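Input: a single structure, listed below in structure tokens.
We call the chains A, B, C and D, going by the order they appear; numbering starts again at 1 in every chain.
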């Protein structure tokens, strides 16, 4: 149980800098998810916390202890790897007990800890098999069990679910969440899957190109994305973004409708400013198939190019100002391709970004 | 028209089987036959005189033969183990290098370019007691003021041969084990580090089991090739002095070609073939065990 | 911070230690070899001098000049030996690889009775010591007129190398999924094309490493070559080394010069194949 | 039968001319295959093969050129495989008796006069029984004593030696004196009194000549071993004492001739019993540090008053299976005739023809060193005797030398070593049906 602090942490490979001085404070027992596209430096950051990569500059501390140069074994951490990294020549039992055996704990203690972990993860019937004889999900559980056994200060997860099929992934996600509740420990979790991030995290850290773009609770990052990158990365389908210019309290979408500047942004724009209007498909709905709009909204016509019925709702693909735009239809009825519908855009839930900095204008 | 059509695997193996029979099996049968005759190179007619197991009995009763036999096993055991350890060390050292590794690997294989016979001459001169490199160096550095008889003293001669043999063959181990190290996945090693292993512990518990198959492959290959040491020993000491470094191969070579007693030499040769076969099968077994340990059998 | 400093210092020290150990190891590997190279440029008096001459005072090409010189001036038909060695090693390596590829493919792709025993049996043919083989082999070769020909030695070296080649290549073909060839066949290849165009390229590294081992074995082999060659027509370089030994003397300087000539092509080849070599051994080795 | 005899008679008469001076076009279209000893010092002579080819119209095809040990191995393989299509082979008196069936008797192809031109003892050593199986070339080997002059001219040495023994310091004339001086000169590890070849046939040869010098014999007349005698023990003790006293380099038991030659040439060995072939090398500025400092003397004598003199010579032989023995014999005669021997001995080796000896001695006039060498070796040659002429000589040496080494290195006592060796040789001779 410990805090993890990253201060101005830099990672360079020769001349190539992959992590650009990030700052991050992770609280005791907090479940933090690092998320971002591949190559954003999230795994590197995790591996620096683990001590598997040396840091080039800055400082990392676990608990109150600076661990910059400490080897992994002295950091009291556990890690679950993407490929599980089970020891192929050891049985499940040996895999689970390995770290305790290395620490020269008495055998009974090892047995007890291993049994306990096996209980938690329902591994008891596979204890004498070797990893080669286990299924993907079972291996995943062994990998997690191995991490639990040590009672570490911090759990590190490096994309642990990416090798599982969709169904198993959902199931394991729940188990990890439960696990966190049971073992109450600091967890740093890396994934490129924003759904995983949203469902698991206490706080999400969104990274791009070695920088932290935004840190916040899942709802914060969803509802108030700091910039267009976060806006498109979090949430599915991604936020619609349309470029426009502010003119007299309205945003003129080039070759599209004029849309009033949404309330939260009204004092924050000046005439002639290049902006980007962002809204999620949940907030653009055909009239008659929409949620009741409480605040201001605007209406315009749009041709539907393609529709994807999902059952309770239908995803509609149209285009505005030459850009593809996604909308949702509640209580769906069949829509034929090319049909023109009247859409309502909920202005209270719109986002506005500066076109130059891409930062939110909120 | 029911013509026999051999299965495809047989057709594919046929060239190998034919060439090995022609070059190894037939000559071997010939020498097996001659081991039951008093065959003498200089008197071809002796090839047709059957004397049963006389040569074998003579070999089995010969103290010199068993001394050479024991010494050969001793040399093999020590050499193979030391070469394995040194090769392992070398591979680990090279594996850690990140820049210029390709060159280092080539350098590491340098001794493999040396024909064993050349290695023999080379170390014969290096260990020469009077003008040899080693004694010269020791004397020039003031570490010794006597001419150490490297190739004469029983233990030293054995040691010198061992050094030459190791110099020429450690590379084979190193390159095979290095290949093994390349094949070790990174994850389990990192997992071990995180699990609290010291570098030695992660080597001992993770890396080593992974490269064990490679080590056995190297041992098997080398045990197949050990007779190559014949050239080295023959040039360096030829079994002498006073039979102190006599190995099976030098004994057989001298009996067969210098004394011309081919029948007797072949009988001893057959006994030594069993030795080679034993070593080989032993390492193959170990190899398979190490593989199934990692779940790689089949 | 103190703890960190301690570990940082330890890491530095380990790095230095690694460098020093590596340097010493490489020195041990190189010195005896480079000593040969150095000696090839020195006159025998200086090599054999007592007290030793540590700083070479007289480096020259005399040994090389003599080696390439005419008969009677210490000349050795070294170009002829070189050509022989090259023809024999290259041809035998190529054939060994072809035969080994067929055999390896058979072991990797087909199931048949007694597979394991056949495999071990093939391997064991290599365990036969050259000494026990050389005379009967000589007799067989003499009876078939293969003595003192390139062909004779090529056959012997093919046999010597086939077991190991089969082993490595077998391991390699196992790495190539069966589906690959099947996919190629569905794409319109014949069985043969599927092999050459799909499976072979994937296994190329294995072939390369088997090749380099086979080449080095043939290039350096002495015991059998000395028995099966007679004249300059077929003598290989290791046998040629013996030209520098006569009843009473060893021309060590000259021997070193020839040795250098032997080492260089092998070294170049190894360097070129280096990358494949490691990959080849890696995959060839583990599974199988 | 009569026809056969007539034919050889005809050949013999034809060869009267051939022997010295081959007749033109005599062997047109004949190709002879030859296996010759290779090595720098033997090569010069082979240039004369071309001349013979021109004269006779025959062609010589050298199918193998190796050093003698390799050649020996090859001959044995040939006998085994029956690959005996070749005609002319290099031979050596110490090896010749191993292959009694390989080479033909040359007597029918040569005139008695021609044979008489060779040194008689060399001809005797070239025979197996009555068959003349080889003609000696100008490569006669017997050892004489090489020594460093400076060691004997050194005043400190002289005084110290006098004080120690009461005798004047001079190159030794007996083996006991030799041993004494060798121990006296030694200053290990930089300077040794002497050295000896310590393995293979070489040490047995040395032992053999010392046994003779001590008044003993290596073999009895029936070829049973005779060296386990007082003479044999004294002979072996000479080796053992030198080694124990550290008067020889400690590696001496692994030395062969090249090590000895290099050792003496390095100027760190005072006394060295060695072959004539080295004379030039030892005194060559390029090859030897002892150059200008080399003295040569007839080899010392043993307690029986007999000088050592184990000798051997190279020669050429004609195979029994040769299709064209006349041509082959002509070639062999050509390669060992007066001109050939003059050519070959001009580079240093000793001739085996009486006339050439005279020629060599007279041509060395004015060259003090060369004259000293020749005088010493002429004296040495007069005490020469060949290696025991049994086909089992080499095999016997392989049984004897490890025992000699064992005694020298202290693994066994002299008595044990000799009795073990004797027993092994006895068993080997019986097994081979010698007696």
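By definition in this document, a residue touches a chain if its C-beta (ideal position, glycine included) is under 8 Å from a C-beta of that chain, and two chains touch if they have at least 3 such contacts.
Since the structure is predicted, the reported quantities are computational estimates derived from the model, not experimental observations.
Chemist: Which chain has its C-alpha centre farthest away from the C-alpha centre of chain D?
Modeler: A
Chemist: With respect to inter-chain C-beta contacts, which pair, C-D or B-C, contains the greater number?
Modeler: Answer to which pair has more contacts is B-C.
Chemist: Per the centroid of Cα atoms for each chain, what is the distance between chain C and chain D, given in Å?
Modeler: Their C-alpha centroids are separated by 40 Å.
Chemist: Chain A to chain D: how many Å between their CA centres?
Modeler: 92
Chemist: Quick one: report the Å distance separating chain B from chain C, using the average Cα coordinate of each chain.
Modeler: Their C-alpha centroids are separated by 15 Å.
Chemist: Chain A to chain B: how many Å between their CA centres?
Modeler: Distance between chain centres, rounded to whole Å: 58 Å.
Chemist: Provide the list of chain C residues touching at least two other chains, using ranges where the numbers run on.
Modeler: Within chain C, residues 48-51, 135, 139, 242, 250 contact more than one other chain.
Chemist: List, in ascending order, every residue of chain B touching at least 2 other chains.
Modeler: Residues 41, 130-131, 139, 257, 262 of chain B each touch two or more of the other chains.
Chemist: Check each residue of chain D and list the ones that touch at least two other chains.
Modeler: As it turns out, chain D has residues touching two or more other chains at 73, 77, 80, 82, 262, 266, 268.
Chemist: What's the contact topology between the chains, one of line, ring, star, complete, other?
Modeler: Its topology fits none of the listed shapes; call it other.
Chemist: Using the touch rule from the top of the page, what pairs of chains touch, sorted by label?
Modeler: In this structure, the chains touch in these pairs: A-B, A-C, B-C, B-D, C-D.
Chemist: Which of the residues in chain B end up touching chain D in this complex?
Modeler: Contacts found on chain B: 41-44, 128-131, 135, 139, 145-154, 157, 237-238, 240-244, 246, 254, 257-262.
Chemist: Okay, in this complex, where on chain B does chain C touch?
Modeler: Checking each residue of chain B against chain C gives 7-10, 12-13, 15-17, 19-20, 22-28, 30-31, 34, 41, 89-90, 93-94, 96-97, 102-118, 121-123, 125-126, 130-131, 133, 136, 139-140, 167, 171, 175-176, 178-180, 182-183, 213-214, 217, 220-221, 223-225, 227-228, 230-231, 248-249, 252-253, 256-257, 262, 265-266, 269-270, 272-273, 276-277, 279-281, 284, 291, 296, 298.
Chemist: Show which residues of chain D lie in contact with chain C when the two form their complex.
Modeler: 35, 37-44, 46-47, 62-70, 73-74, 77, 80-83, 190, 257-258, 261-262, 265-268, 275, 277-278, 286-289
Chemist: Hey, which residues of chain D end up touching chain B in the complex?
Modeler: Its residues touching chain B are 72-73, 76-77, 79-80, 82, 98-102, 188-189, 198-200, 249-254, 259, 262-263, 266, 268, 391, 394-395, 398, 401-403, 405-406, 408-409, 411.
Chemist: Touching residues of chain C toward chain D in the complex: what are they?
Modeler: Contacts found on chain C: 43-45, 48-51, 71-72, 74, 135, 138-139, 142-143, 147-148, 226-227, 230-232, 242-243, 245-251.
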